[in-house]
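I have a structure I would like to understand better, so I am pasting it below and will then ask my questions one at a time.
Labels run A, B, C and D following the written order; every chain starts at residue 1.
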Amino acid sequence: MKYKSQAVAMPYFIAAIGLFVAQIVFGLILGMQYVVGDFLFPEIPFNVARMVHTNLLIVWLLFGFMGAAYYMVPEESETELFSPRLALAMFWVFLIAGALTIIGYLTVDYATLAKYTGNDILATMGREFLEQPLLTKIGIVVVALVFLFNITMTVLKGRKTAISVVLLLGLWGLAIFFLFSFYNPTNLVLDKYYWWWVVHLWVEGVWELIMAALLAFVLIKVTGVDREVIEKWLYVIIALALVTGIIGTGHHYYWIGTPEYWQWWGSIFSALEPIPFFAMTVFAFNMVNRRRREHPNKAAVLWALGTGVMAFLGAGVWGFLHTLAPVNYYTHGSQITAAHGHMAFYGAYVMVVITIISYAMPILRGRACNSPKAQVLEMWSFWLMTIAMVFITLFLTAAGILQVWLQRVAEEPMSFMAVQDQVALFYWMREWSGVVFFIGLLAYVASFFVKGKEQPAGA
Amino acid sequence: MRAACPPLPAPRTPPTLAGDLAIWIFILAELLAFGVFFIAYAFARANNPELFAAEQLALNRDAGAINTLLLLTASYFVVRAVHAAEAGQSRHGARWLVAALGCAAGFVAIKIGEYAAAFSAGISLSSSTFHMFYLSLTFFHFMHVLLGMVILGALWLNARRGLYGPHNMNGIESGAAYWHMVDLVWLILFPLVYVIR
Amino acid sequence: MNHDIRSANRRSTVLWVLLLAATVFTWAVGEGGSGGAAIAALLLGVAALKGAAVILDFMALARAPLLWQLITLGWLVLVCALIGLAYWKGMP
Amino acid sequence: MSGTFTKAMARNVFYGGTVFFFLLFLALTLDTTKALPKTDNRHNITADVAAGKHIWETRNCLGCHTLLGEGAYYAPELGNVYKRRGPDFIKAWMMAQPTGTPGRRQMPNFHLSDEELDQLIAFLKYASEINTQNWPPNIEG
């Protein structure tokens, strides 16, 4: 650790991993409810479990991004953080707000929660991924602004590198596009149109800047390749990501009451969206092959390469699979969407956050890398989680293809629920893959507690 | 292809790309987007050739042709500007860039006239598949012309200050390559959308 | 060097005039009002030749590495070929 | 691939390309905003529809169902449920929940009043009349 204030990243990373575990527990509950419909009903209805599952994902990724920024920015800027105390204070505010929200979801009826948190003043709740009560949303904005202030001031007073500027841009974009979550007109089409300005322009827009910056940072550290080389490829990759991804928003505007031309614009540009992901994979492997040093943290290198490959598969390939309008006409809102969502989020964002944690956490704990024993366990967790996720995706894809066939293509279409019974076998296999994923995650957590001969810090 | 062209000078060794690799990657992305758009147009047309032909006939082919001449001429002027810079006459090249900007402005003016006529005739992105493509393709290209003009303007500012020369060609060659790309896609767009039926 | 540039200028000027002429030709065919497979193929061919001239001379790819020539000319040929295929498919 | 490759040019391409495509996106958004009245069924938005949407949101219906294909994939599409089932069925269905059949997926009872049910149905009727370019492919959603 080069700067004392980087230490503030540690609680963020710990919270991220803790919430990740909770997210997967709820994922397992959901998977179970897919096959045993009345599992935990009425204590935890499906809609509540799903809300917790997706919201936890978003919150822990945000914890991860913020932790990453607190770790990276002092080192990039070559100066201490503007205010470590503010960063720590915001950690507790965000953690408590997040915990209260989740407890609210689980203990209070959603309509009651809405009533007591000001949803009648400004209705923003009840939309996918934006289920948070108004108070939580405002809390997110406050935390984000304070965080951005802290980070921006740090960058301004220190060295400005391409990585820190791109990271800042991504984080500012994240905050700005979140503001559209406060816009909720009665007109359903407008509501959906701008809902995607949060969701799509996050995950296929500004988050990609954050992801690319994180990846570039770790690659510089573990490969020792010239910063100049990595930074110019960083620019090229994010340029391609935004050039295709911004108009690519159109692939969500096919069937929600928007004009027909989005089918063309959306198809054409989102067909190009795999290119930046492919470029990122090639880039990551290329840099590792050109490495000038053997970094002792093998696990971090593995996660970095895995991010490239899995982001390309999940976001690139599985996205392309159903992005063309004539295909999407049949697959829209089916298990194929779920398959893509799982692998894309895991491959792009979960893995990149774990990459930075894997790289930074040993250093934060005062060593260059974990002991070989701990690293071996961590690599086991990598393979368990990643392969399990591949299988989750494959089974959901199979379920989706069958679902589309029976429900939408067949001469005599079956009803939704009848089809669900037909594909139950795939849901069972998905749930078992989920269990393996959970085991992998437990192994990952355990790897933090494995002792062994460690290398001293200084790398 | 090469045989059709006048003799080329002996290639400089080693062969190099004129302009920055970054701009060329961007150009490739743009060419891909345009290419896919063109092909989409052609296949959409194949489903309904009569309707496409009828609406296509109503387009202003004169305006399209004049705009092609303007873009080609602008491109030629840009080539002259690059050659001037290579000869160490950056300020002289600036004048060629002004001429290119003039042609580009002419293109923009004619295009705006065309759009005005189309909108007053009630043509919109939603009025028919052909009009959707006509407006989308030309507007997408139109915005590229505007961006190209911004780039040419920046080149002009630098060229006027005498910045470019045989040892500093990266900027002007990159900008020029982008402008030629804008020209290149129009060379396909014009016959495709305005003429071939 | 200067001699090279003068000859390059001359070559570009000749190409420019040819490109203008080809454009007028395309326009005249359009005014003539005739359609059909042969005309479509002819106009696409002219467009491809014009594109090749711009790529090789204006964009100076004639003196670029072979890979880049293949990519750009390949793009041109592929796009024109697929357009041609679509027109052929849409013939009555 | 020789030739130059500079960070400054890569940066310019990033900023230029981003601004360019975002402006293009804004232009398309502007056109969409102008074209929406023809497809989004806004002239049928009544006070009941607005109230119905509020009920829809505060019961987190999207936590299980899809609406125009967006939401969770646990329960049937409701964008066209008005056409598939009709108002009376929907009302009866919601009042009969949960079924309590062992092992089957359960929908909570939201204890909506008759008026609230009518408002929710008004919202679903409005949603079913949005021009979705013929999606879903058939009535089963």
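One rule holds in what follows: contacts are C-beta pairs under 8 Å (C-beta built on N, C-alpha and C of every residue); 3 or more make two chains touch, one makes a residue touch a chain.
In this text, all values refer to a predicted model and were calculated from it rather than measured experimentally.
Enquirer: Hey, how far apart are subunit A and subunit C in touch steps, shortest way?
Expert: 2
Enquirer: Count the C-beta pairs in contact for A-D and for A-B, then report the pair with the higher count.
Expert: A-D
Enquirer: Would you kindly tell me how far, in whole Å, the mean C-alpha position of subunit D lies from that of subunit C?
Expert: Roughly 47 Å, centre to centre.
Enquirer: Centroid of subunit A to centroid of subunit D, CA atoms only: how many Å?
Expert: 23
Enquirer: Rounded to the nearest whole Å, what is the centre-to-centre distance of subunit B and subunit D, using the mean of the C-alpha atoms as each centre?
Expert: 40
Enquirer: Where in subunit B do residues touch two or more other chains at once?
Expert: Subunit B, residues with two or more chain partners: 14-18, 22, 24-26, 32, 125-126.
Enquirer: Can you list the subunit C residues in contact with two or more other chains?
Expert: If we look for residues of subunit C contacting two or more partner chains, we find 64-65, 68.
Enquirer: Among the residues of subunit A, which are close enough to touch at least two other chains?
Expert: Counting only residues that touch two or more other chains, subunit A contributes 232, 235-236, 239, 243, 259-260, 265.
Enquirer: Tell me, which parts of subunit B touch subunit D in their complex?
Expert: Where subunit B meets subunit D, its residues are 14-26, 124-126, 139-140, 143, 147, 151, 170-171, 174.
Enquirer: Hey, which residues of subunit B end up touching subunit A in the complex?
Expert: Where subunit B meets subunit A, its residues are 22, 25-26, 29, 32-33, 36-37, 40, 44, 125-126, 132-133, 136.
Enquirer: Please give the residue numbers of subunit D that touch subunit B in the complex, ascending.
Expert: Contact set of subunit D toward subunit B: 1-6, 9-10, 12-13, 16-17, 20, 23-24, 27, 31, 35, 38.
Enquirer: Going by the contact rule at the top, pick out the subunit A residues touching subunit D in the complex.
Expert: Touch list, subunit A to subunit D: 33-34, 36-38, 41-42, 45-48, 50-51, 110-111, 114-115, 119, 123, 125-128, 131, 162, 184, 186-190, 192-193, 228, 231-233, 235-236, 238-239, 242-243, 246-247, 249-250, 253-260, 262-263, 265, 329-330, 332-335, 337-338, 407-409, 413-417, 420.
Enquirer: Touching subunit B in the complex: which residues of subunit C?
Expert: Residue positions touching the partner: 1-2, 4-5, 7-9, 11-16, 19-20, 23-24, 26-27, 29-31, 35, 39-40, 43-44, 46-47, 49-66, 68, 71-73, 75, 78-80, 82-83, 85-87, 89-92.
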